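One structure is given below, represented as structure tokens, and several questions about it will come after.
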Amino acid sequence: MFGKLTWDAIPWNQPIPLVAGAVVVLAVFAVVIWVVLKGYLPYLWREWITSVDHKRIGVMYTLLGVIMLLRGFIDAIMMRSQQAIAFRAAGYLPPEHYDQIFSAHGTIMIFFAAMPIVIGLMNFVVPLQLGVRDVAFPTLNSTSFWLTATGALLVNLSLVIGEFARTGWLVYPPLSELPYSPGVGVDYYLWALLISGVGTLMTGINFVTTILKIRAPGMSYLRMTIFCWTALAANLLIVAAFPILTATLGMLALDRYLGFHFFTNDAGGNMMMFINLIWAWGHPEVYILVLPAFGIFSEVISTFSGKPLFNYRSMVAATMFICLVSYMVWLHHFFTMGAGADVNAFFGISTSIIAVGTGVKVYNWLFTMYGGRIRFTTPMLWSLGFLVTFTIGGMTGVLLAVPPADFLLHNSLFLVAHFHNVIIAGVVFAAFAGITYWFPKAFGFKLDEGWGKAAFWLSLLGFYVVFMPLYVAGLLGMTRRLQHYDVAAWRPWVLVAGIGIVIMMAAAACQVIQFVVSVRRRNELRDATGDPWDGRSLEWATTSPPPPFNFAVLPNVQGAEPYWGIKQRAIETQQLSPEPKYEPIEMPRNSPTGFITAFFCTMTGFALIWHIWWMVALGLLAAYAVFVWFAWRDAVEYSIPAEEVARYDRERRRAREQWLAQHGGQPA
Amino acid sequence: MSSWAAFLLQRRPLLWRVSAAPIILLSLSNCSGGVLDPQGPIGAANAKILLNALGIMLVIVVPTIIAILIFAWWFRASNTRARYRPDFVYSGGIETVVWGIPILVILFLGGVIWIGSHDLDPFKPIASPAKPVEVQVVSLDWKWLFIYPEQGVASVNELVVPAGVPVHFSLTSASVMNMFFVPQLGTMIATMNGMVTQLHLAADKPGEFYGQSAQYSGGGFSDMNFTVRAVPQDAFAQWVATARQSRSALDRSSYLALCQQSSNVRPFTYREVDAGLFNAVASQQLPPCPGPNIERAGATVRPPPER
Amino acid sequence: MSATDTPFERAGDPYRVGRSRDWVSTGAGRGHVYATGHGEGGPASKRVIVGYGFWIFLLSDIVMFSAFFAAHAVLQTATAGGPSGRELFNLWSIVAQTAFLLVSSFTCGLSAVATEARNQLWTQVALLVTGLFGLGFLVLEGRDFAGMVMQGAGPDRSAFLSSLFAVVGLHGLHVSAGLLWLGTMMAQIFVKGFRADILRRLVCFNLFWHALDIIWVALFTVVYLIGLGR
């Protein structure tokens, strides 16, 4: 009746997952009960769960990502602490657990922490920077978010019901095939990613269409912000790469469920093909993460240096160059699989070439600072930390791109240190910079600077203390994913890394404290005008938070850095531009489609994992029914009357006029 | 601490942290036991390329990082001496340099990559007057089997080779993908079921080296290390003779016993080896070794292997 | 651009591109006097947006098919001692399937003509015929598959057969989904008439159906024609 699912699926005799699971389940229940008792449920349903507003969806994505970042970080703490004590000892995590933990760590961090944060920031910011009201397909956007949440839910469910994959985050066959992974772990992985992959692909389609077809009047391509360019490049990569992931994981699912032989050892299966296909997705994936991060840094460095971005067109060229070349480097992930010298050399050279594009960007940021008036706010500190640290990480990447060097360092802790170097300095620092930078726009008050700076310095220090020793350990020959080890030479470095993780825990604590303190002090930290940083792009023209329709009247873009131009004219003439003519605005209605579809997809995914076939059929049928029901809608939009638009916008103008009168043109 | 150091610490604490990294890395040039302490020609060549590439990259990276820190500090808003130039947003000269210098470096590095990849191709034999020793390697769950086809013996979890003589490895896997890696001897190579990869390594002098799998392969992976002993020629002949006195022989049935998943296997030897065994494993005449629970395996074409 | 430009003027063209001089004095007026088609005329119309988005989706779908085609190229010869394409393919069935798909594409085009004319009856008839030919395609394909499985040449026999069933089956899945969509569209047109959003969806359906035909041509060539030569 319930397929393979029995009460034994719950880890009764394994204290760590049992207790962890119980804590999480209780916490979730507590939150749900509190929400219901306080009467917040209707508000949450109406304003957030069924919202198709890109700003709300962006916040939810980012929140999901941050929570999963914490979960992935806990996995990291467990890994580092296990390795710190497991020198000629068993440690506290037996291999069955440790192997799930490092697999979950990678999977969660890439798919459910980094991707959602990046997509969340793009969601929130891109339509505002383009000067428009929403993305191309708002309801699809909501569905994308909820499908991603489904994937996150399934992965986390594996902690309490069943197990997770014990294969590493990329489930290489034959280890991930049925004979060597007969449990449900790999199935949890497969369905979580297949489902959330659909969501991500839809995001890609949504944003490519938005950026190319929906911009404010007068905004030509070269008048878009650089963040929008990097968002375009990342979403083009999503559209071109995620289908490969879907195909490859689909093939593995066919192997496991229907006895196909794509990657099995026997009957002609080819495991090398999996590795090629998965990295053909995998390399563009890391650029999907890092290109928007570069965009965030471009915005932050430009704003806090008080200068336009240096060499904007070169930045655009470098971005699109990286976008294209990222498809031509995938083999550098497996130089040691024996492809031969010609092939290895080709991909080594193409990998080095892509470093040129990134190098150009670093120099453009450098010269953006040159001649600027730099304000060391928290986002700017994150950017400086990134510039220095990412340069080191990029360098070690180029070292690994040389096949003879990779022959020594593949899969070692040197590799682990390299990719954490670029992902933490690149994506994670950008996440915090972007969140701090756009937080006031989203919520109407800034984050506390003191705690933000503390979090930055501790993160920076913690990163170096964890990962520099890992570079050394890799050079000493230590390979990755070891549950215990006996080589004495590695021990001091692993211990130092263990200390480093404690520093990062302190940093994480500072982040949490920063949030709590900021909420408490929100009246002091209030952003009255909507432009707390003396910004240069269009999102700072709106109030904080912006109204659902973003702009009362779509701005007429009259040059690059449109908002800066508007501001300079206002300062020159000491008055705002004349009041525009207000008209009613049509906005898309909220829809529960995304949430309900995701609910049935969760059900279907869970049923597929546990082989509960009737539930699979039911879930698919219900998902189709939801699709038809949504398609049957007659009222898709609602109208905001002109008077309301006018009232709202006049208030915004009053706040700006006040600021202008008080400050007469000095930056806020 | 000198006042210069104090100045740096106050003004630019980042600089300390940052310079620590390459300094540590560089000071490891003689760090024993790892890939920067090679004991064979392949490892030495690989390490040389690594360090050369590092040197080339540091030439770019160090000035860049210094420039980042200096610019950030000099152009801080409170520095009234710095000239605010909000119009400085484009420079053809700078553009030429920032595209040009990396391209030149990459061209050079590209040459290193092309030549290095060909010289150090694992398939390429080592030039040496001595005739190479043949070793056939099978990675199992979770131990290593080393077959010496010319000597007719085999060993588990211990690889004994004569020093100063090139060794030609033919590698395959009995089950999942692994990676044969002896850090101090150099290049690693994957092992895969149904396929044969090749590797050439040599140890210059006698010594004992750590070997491991560099590709996670399941629960017993952490114990999947082995010892490599490079010994003088006569000691090698001695070891072969001793091995020929071992208790067990490696034939199909003892291979199938070895197939069962086990870890932490203490090294032992086989006194004789079935001649076609390695090829039978590599060509899948002997089916892949089973995983943890044979009943749950998916539908296969061949009959399940004998227990 | 000179040093005496006001900050506002400088702000408008910080990179001295110089192309946008016409904006300077119009204040809060129009940005550009012309829409160059590069999105500078403001947000595109819904019809353009929906069509464009669907094209991007189709491109992503083609990428997914490409991955399966690539797998098939690699696994073509991995017959593991089992039957190869030449022994298995029933050429007449495949020709019939191709004919059915081509005809259904044609009738789909006819339905688009009827839609332009806002003719409810002929639109439904043409869509129905499209659906029937699509269904016929699926029936023939299903029979082929069943036959192969009966012969012991199912997808679990060898990697080549796995790849064959997967790539052809993926296309069949898309056709099935298309038929479900078709039925829904027919119902919608019947109940709601030729409303603007339904017309946009019909455009998308047409694109989808024709794209499936194009993919079939590629499939037919790579899998069957080339496969027969082995």
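For reference, chains read A, B and C in written order, and residue numbers begin at 1 within each chain.
In this text, contacts are C-beta pairs under 8 Å (C-beta built on N, C-alpha and C of every residue); 3 or more make two chains touch, one makes a residue touch a chain.
Since this is a predicted model, take the numbers as computed values, not measurements.
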| message | Farthest chain from chain B, going by mean C-alpha coordinates, please. | response | C
| remark: More Cb-Cb contact pairs, comparing A-B against A-C, go to A-B
| message | Can you compute the centre-to-centre distance for chain B and chain C, using the mean CA position of each chain? Integer Å is fine. | response | 45
| said: Centroid of chain A to centroid of chain B, CA atoms only: how many Å? | reply: 32
| query | Approximately how many whole Å separate the CA-defined centres of chain A and chain C? | reply | 29
| said: Quick check: what residues of chain A touch more than one other chain, meaning two or more? | reply: 255, 259, 261, 264, 266-267, 308, 312
| For chain C, residues that touch 2 or more chains besides their own | 10, 14-15, 80, 82, 156-158
| said: Residues of chain B that contact two or more other chains, please. | reply: 89-90, 298-299, 301
| field | Complex interface listing, chain B residues touching chain A | value | 14, 17-18, 20-22, 24-25, 28, 31-36, 43, 45-47, 49-50, 53-54, 57-58, 60-61, 64-65, 67-69, 71-72, 75-77, 82-86, 88-91, 94-95, 98-99, 102-103, 106, 109-110, 112-114, 116-124, 175-177, 179, 181, 183-184, 186-190, 192-195, 197-198, 210, 212-222, 225, 284, 287-288, 290-294, 296-302
| Which bits of chain A are touching chain C when the two form their complex? | 132, 136-137, 201, 204-206, 208-209, 212-222, 239-244, 246-248, 250-251, 254-255, 258-262, 264, 266-270, 273, 277, 280, 308, 312-313, 554, 556-561, 564-565, 567-569, 571-572, 577-578, 580, 624, 628, 631-632, 634, 636
| query | Once bound in the complex, which stretches of chain C touch chain A? | reply | 6-8, 10-15, 17, 20, 23, 26-32, 36, 38-44, 48-49, 52-53, 56-57, 59-61, 63-64, 67-68, 70-71, 74-75, 78-80, 82, 155-163, 165-166, 180, 184, 188, 192, 197, 201
| said: Under the definition above, what is the set of chain A residues touching chain B in their complex? | reply: 95-96, 99, 166-168, 172, 174-175, 177-182, 255-256, 259, 261, 264-267, 271-272, 305-312, 314, 334, 336-338, 340-342, 344-345, 348-349, 352-353, 355-356, 359-360, 362-364, 366-367, 369-376, 384-385, 387-389, 391-392, 395, 398-399, 401-405, 407-412, 460-461, 464, 468, 471-472, 475-477, 479-487, 489
